[in-house]
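What follows is chain A paired twice: with chain B in the first complex and chain C in the second.
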Partner chain A sequence: MSVPRQLEFFVDPSRCIGCQSCVQACSECDTHKGESMIHLEYVDRGQSVQTVPMVCMHCEQPTCAEVCPADAIKRTGDGVVQSARKPRCIACGNCVMACPFGVPELYIDRQIMMKCDMCYDRTSVGKKPMCATVCPSQALFFGTRAEIDALRPQSTPTNRFRFGSQTITTRVNVMVPRSKSPPLMLDVTAAMDERPENRNVRLNVVGNSPSTIEPMLDPFAEVEV
Partner chain B sequence: MTTALLAVLIVAGSRNLAHFDAALVGYTFATLFATFGITYRYAMWLERPPTRMYWRRGWQFFLSPRELPRNLVTATKRAVVEFAGNRFIFRRGVLRGLTHWLIMWGCLVAAAITFPLVWGWIHFETVPGDIESYRTFVFGVAGGEFPVDSFMAFVIFHGLVWASFLVIAGVMLAFRRRMIDHGAAAVQQFGEDILPLILLLAISVTGLMLTVSYTWMKGYAYSFLAILHALTVIFTLLWLPFGKLFHVFQRPAQLGVSFYKEAAARGEQAHCRRCDAPYAGAVMVRDLVTVERELGFRYELEGRAEHYQQICPRCRRAMFGLAQASLWTGHTASSED
Partner chain C sequence: MAKIPVDELSIIQAYGPHLSASIRGTTSDEPEKLVKTHCCFCGQQCGIQLKVRGNDVIGFEPWDEFPFNRGMLCPKGVKRYLQGSHPDRLLTALQRDPTSPSGFRSLDYEQAIARAATEIARLQQAHGHGAIAVLGGASLTTEKTYLLGKFARVCLKTPFIDYNGRLCMVSAGAANKKAFGIDRVTSPWSDMIGTEVLWIAGSNVAECSPITTNYVWQARERGAKVIVQDPRITPIARTCDLYLPVRPGRDAALFAGVLQLMIEHGWIDREFIEAHTSGFEQVADYCRAWTPARTADVTGVPERSIYKAAELWGQAKSSFLLHARGIEHHSNGVQNALGAINLVLASGRIGKPKSGYGTIVGQANGQGGREHGQKCDQLPGLRDISNPDHRKYIASVWGVEERDIPGPGVDAYELFRKIDAGEIKGLISICFNPKISLPDSGFVARALDKLEFYAAIDFFLNDTARHADLVLPGSLQEEDEGTVTQVEGRVIKINKAIQPPGEAREDWRIIQDLAQALGRPKGFTFAGPREIFEELRIASKGGISDYSGITYDKIERQMGVFWPCYANDPKTGAPTPDHPGTPRLFEPDSFNPIAKGAGRFYFADGKARFNVAEHRTPVDDVDDSFPLFLTTGRVVSQFLSGTQTRRIGPLVKQYPTPRIELHPRLAQKLGIADGDWATCETRRGTITLRAMVVTTIRPDTLFIPYHWAGEKSANRVTVAAQDPISKIPQYKVCACRLRKADAAPGYDAKLEAQQ
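Coming up: the complex of A and B.
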């Protein structure tokens, strides 16, 4: 069994609404029963509602596998980087620290690393991963390139990422703006000093003309969402 | 070298082959080959930069003079609870723990009985003047005596039968899981996951058939069964360095890693250069940077961090989202290389 070559994973974090559906669905996957492997990351919770659904990007040359002292992480022929092989994993946590996308998770009590394996029990028989099945905003989409082209006329997928001097190519794609010269790769470390933009929420108080309104702090910034 | 050492020990332990059972010579050569294969693979494994680093660090922190007494106590405790008791596997599931525990102890008991007998390290002789008693010889040195018809003799001489019961029960549970667990079925491979179970089952069943043959069937087809059993054992021994069962020799590294991680946790902590939160032991981060460079990765940065390892996993995920979002808001986080 292997994941059909024409089926690809497309991630568009800017469409994520932070609903946690993917997190719940992920834990139902048979290859890591009861544990969710998705990181739904709040970029800066005090300032923004921006969230990032982080699945394994399934690198062509996985850093996690290369730095594994037990040689426990393997990439199958269809390009899916599997969770650590249970007999071998010595729970050192090297993979957790080395992954450029911050994906693997260590379970110390069970002495094992687990990570998103693209719901291999499903995708290897042509089904969608659990997260992509339930994502209401389609921030996580699993299908063919023709389908994504038709659905997202303003976007185009890329699977190359830059981390300092290192370029990583992955099996999973990220959607970037379609333009005459689309970016060939996403420079992740260039966002080191980026911060999410505040929402410009303004209360139109009766009697105040726009010119008299002072710039206000976001009234919802401290609200837990 | 290890193979030669084992060969010397076989000659010495069997008193110049005086107590060596020639009928078991096939097993002997298979164990010698397995020893060579396992040592060779282990040496190759230690050549990998991350393995070499963790191996060195594990011993370094374990043998640290100040910590050695405490480490010895901890290592003994963990060897009993985690390895002998398989606690970490029981935590993955009671049936999984039981499965592994049965197979592990079945194999260990069988190995502890078979190998010394094959190598001539242990043999039994009738006590002169008392044909009702056996005397045990270990490395040619006389040990304890016991009556032939005693319960102890029954237990000892059927040791491989008890071991096979454990292995067969464990293998059945393992097969059950591999047949009904969708997750396991999706990622299992014949050579890696099914073949070892078949081999262990074959050894156990053919071994039991030998006992059945000489106990209840007057030795019917005993020669054929002996050859069949030998073939299953020898194939498993020859395959030992290449397949899943190699983890038996690899797994103790878990102990060394635990000492390394504990020492790192007690020492200086690395703080994320982006959010300033502590996220790992500084020594582990430094070692990982060294390993990544040895492997040819170039995660070097300019600015507030010199290396991408100095950024915590949480910030890496946030930066991923920010980099993608910035493309839509007009900031530039793309590169045309």
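Coming up: the complex of A and C.
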């Protein structure tokens, strides 16, 4: 049982409507006892309705596993980084501190770290992850590269992320708009104005060549307010 | 005697809303069966599979094959299963009892039916048939709505039946009938994908009809430009190409201004207008006065955006326009919808692939529930209760004399005015919680107090049912079968997953038991929904919403059937058992039984009608003492009056209690910070909630979601103004003022978030 390589996870925050269907569906899974393993946050609700869903990115070299003193986090051959193995996890929280995406969470009451495992119980038997199945905006999509290319001509997947001097490659992709011109940030009062001042959204994408990478503090704090 | 028997807190303690147990089963529990059915909530009617074990729904599994939603679900759909086996579920009939601590005591179902019949008979003998009124709802299956309409007219012989679609679909319905002669969206949602322009007017798509979001995003992927008209930047508006921040209550003006520019620039389809419509010149005359300057002045949308809208819409080769309650919940609701339709007709982009128009229905059966006779002026098949031919046909189906069918009744709000005036003395309600959902709800509560007899059918003791003399335990959606017609006009099948628990009954049984106990069982002896549907097929035959060719089997085979679906070809009369239904209306070669080949639209001359869509200032508009607009609406995790969703723990947790949305500019002026208690006051009263300070709303507008009860109910302060044609209440605008609250409201310490 493994997740076929050609099936990939694609996250497109520009589609997200913040409905929490993914969160509610994730909490249905018995393997994590009513907890949701997906994070869904407003970037800044005061300024925008923009939300960002965050699943485990399933890194090629998972930092969480690298820092685990108990060797409790395993990456299976299909590229899925599994949640902590119960007999080994000592609930030290190293992984929680180290994950650049902020994914793992420590459950003190149960003395274990739990995180998204791409619905291994479903994906390893040919089903889609629950969040990507129910997601009404399909901000979370699970399928083949060919499918995403056909369905999403306006954007392109990327799976390289830069955190300080660390560049991380992941099994999960984030969709990036193909358009070179930055989108305008929509604002009610500007929209009411005959001559509004535009506010653009800044988007830095990690290039193929490391030398072209612009310094960036947080790849998910894209909205300049 | 329909006064609340004891203090409301005691009733709440006994009957809730309490929260559901968090999770019913575990996902490792293998269900005994998976039942393919649909969600019980909104008009999208997503396909879903319910996991059933014993007589419990223990979870869900996505239904990937159902074509509309392909497994997608909103949070309400995901958690819907938690409404079953709920601690608040009514398992017996209840009788009002002021001596009981909870205000009610259980009684035997048969006794309850007998008592209801006695009271109804007593009131009708003393005051005439019209002394009893019936209120239905658009979350009921079409079979139930059909039976309820028949029950009111044939068994109770009362003209007074109406339904909660009055708060929902009627403005769009009336406008559709005036313009097209038929009341249905024109096209399946798949026609959005590939369209050039998508105009979303007054619809918070992402929160109220979440599954439509993916259609909108797919349209964008194929290059569609998205125009959103809304006083708030809702999630669907966040990335739109053109945002029209319309001042609440000014939609018809905006449509007129845009059409004027289209006419000036020749961005209209003269050929189509000439060949397929009438009334354009009058509309053009009306629009002439709506210059960009005047339109901008009235609507609050800048001239540049009005021009841009006209340019985008006018020059497109294909387009789709969607609207919802945002433009319909107005005393000018029909005009607003007609204004939108005029833009569509002027473009000529209707009745072909990749183009369409439609209103997004709110309730599960918002479409089917308005077609088959629980509406005060209507008989099955979208027939008119005042039309002698229509009456004769339905009388023949029902086996009664035409003269014995009562005439038109009154709308749901007027019905409460008649209760208040003492003309209506008794009420039977099902699937309707008017004490929360009607505007100026203080009046509704006072009217309920005046009823001599009130029987409520429900599965939970809803807020209105606390006034009831008798409560009859009805069925949850998953406890019965039947059909509903979803947003696209697709008739689909709700399948039964479990039996009603305890003494609870399928609603159609309760209605038939009442008919039996009243001594008039004729016409109310159906063995089940399938039999009711068979009669409904005949009753709808020849009507505009013709279901005669639809069978349960065909629905299952095709995963839904779009009406009209004819048993006999409308042109030749030949039997058409394989008629597939009509996904897209008004296609060039289409034949309909009204136009009989004269044209595509459902009028004798086959032509669509332009209607002058006049802008009128809202009732209770802003002035110096009430300078702000108040608008109301939904949040994604709650549904309507919350009878179900305020009982589902994870949904309550997602958005526990209502807040007042306001812009930081206004907040600063009033000295209100995010999270402060704030009091919103209108001419009806006040409501105190926490403030939510966000830049995503016009600075002159407040927003309050309406799903909560009592002191948290937005409808305490909304205005009972109604559209003169559709009678829809003006929920989306009234004048108000706001101040920082003196103290936390009293309810905060006493009640849980959902109560």
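Convention: the second predicted complex is superposed on the first by the 176 of 225 C-alpha atoms of A that agree within 3 Å, B and C clash if a C-alpha of one lies under 4 Å from a C-alpha of the other, contacts with A are read in each partner's own complex, and residues count from 1 in each chain.
The criterion applied here is as follows: a contact is a pair of C-beta atoms (placed from the backbone, for glycine too) under 8 Å apart; a residue touches a chain by one contact, two chains touch by 3 or more.
These numbers were taken from a predicted model, which means no experiment stands behind them.
Chemist: Should A:Gln138 be classified as contacting the first partner (chain B), the second (chain C), both, or neither?
Modeler: Only chain C; A:Gln138 stays clear of chain B.
Chemist: Using the superposition described at the top, determine whether chain B or chain C touches more residues of chain A.
Modeler: B
Chemist: Go through the superposed model and pick first if A:Cys92 touches only chain B, second if only chain C, both, or neither.
Modeler: Only chain B is touched by A:Cys92; chain C is not.
Chemist: Is A:Glu194 contacted by the first partner chain B, the second partner chain C, both or neither?
Modeler: Both partners.
Chemist: First (chain B), second (chain C), both or neither: which does A:Pro153 touch?
Modeler: second
Chemist: Just chain B (first), just chain C (second), both, or neither: which does A:Asp30 touch?
Modeler: both
Chemist: According to the stated criteria, A:Ser14 is in contact with first (chain B), second (chain C), both, or neither; which is it?
Modeler: both
Chemist: Just checking: does A:Leu186 make contact with chain B only, chain C only, both, or neither of them? Give me first, second, both or neither.
Modeler: both
Chemist: Once the structures are superposed on A, label A:Val174 by its partner contacts, choosing first (chain B), second (chain C), both or neither.
Modeler: A:Val174 contacts chain B only, not chain C.
Chemist: Kindly classify A:Gln50 by the partners it touches after superposition: chain B alone (first), chain C alone (second), both, or neither?
Modeler: In the superposed model, A:Gln50 contacts both chain B and chain C.
Chemist: Which chain A residues lie in the overlap of the chain B contact set and the chain C contact set?
Modeler: Common to the two interfaces on chain A: residues 14, 16, 29-31, 50-51, 183, 186-189, 191-192, 194.
Chemist: Which stretch or stretches of chain B touch chain A in the complex?
Modeler: For this pair, the touching residues of chain B are 45, 48, 50-51, 53-55, 82, 88-89, 91-92, 181-183, 185-187, 192, 244, 247, 250-251, 253-254, 257, 260-261, 274, 280, 284-285, 288, 291-292, 295, 297-305, 307-309, 311-329, 331-337.
Chemist: Provide the residue numbers of chain C that touch chain A in the complex, in ascending order.
Modeler: 22-23, 26-29, 59-60, 62, 64, 69, 71-75, 77-79, 206-207, 210-211, 213-214, 217-218, 220-222, 232-240, 243-245, 296, 300-305, 636-637, 650-651, 654, 663-665, 674, 693-699
Chemist: Using the touch definition from the top, list the residues of chain A that touch chain C in their complex.
Modeler: Contacts found on chain A: 14-21, 23-25, 27-31, 34, 45-51, 128, 130, 133-138, 151-154, 183, 186-189, 191-194.
Chemist: Taking the touch rule as given, give the residues of chain A at its contact with chain B in the complex, in rising order.
Modeler: These residues of chain A touch chain B: 1, 12-14, 16, 29-33, 39, 41, 43-44, 50-52, 54, 63, 66-71, 82, 85-88, 90-94, 96-102, 109-112, 117, 120-121, 124, 160, 162-167, 174-177, 181, 183-192, 194-197.
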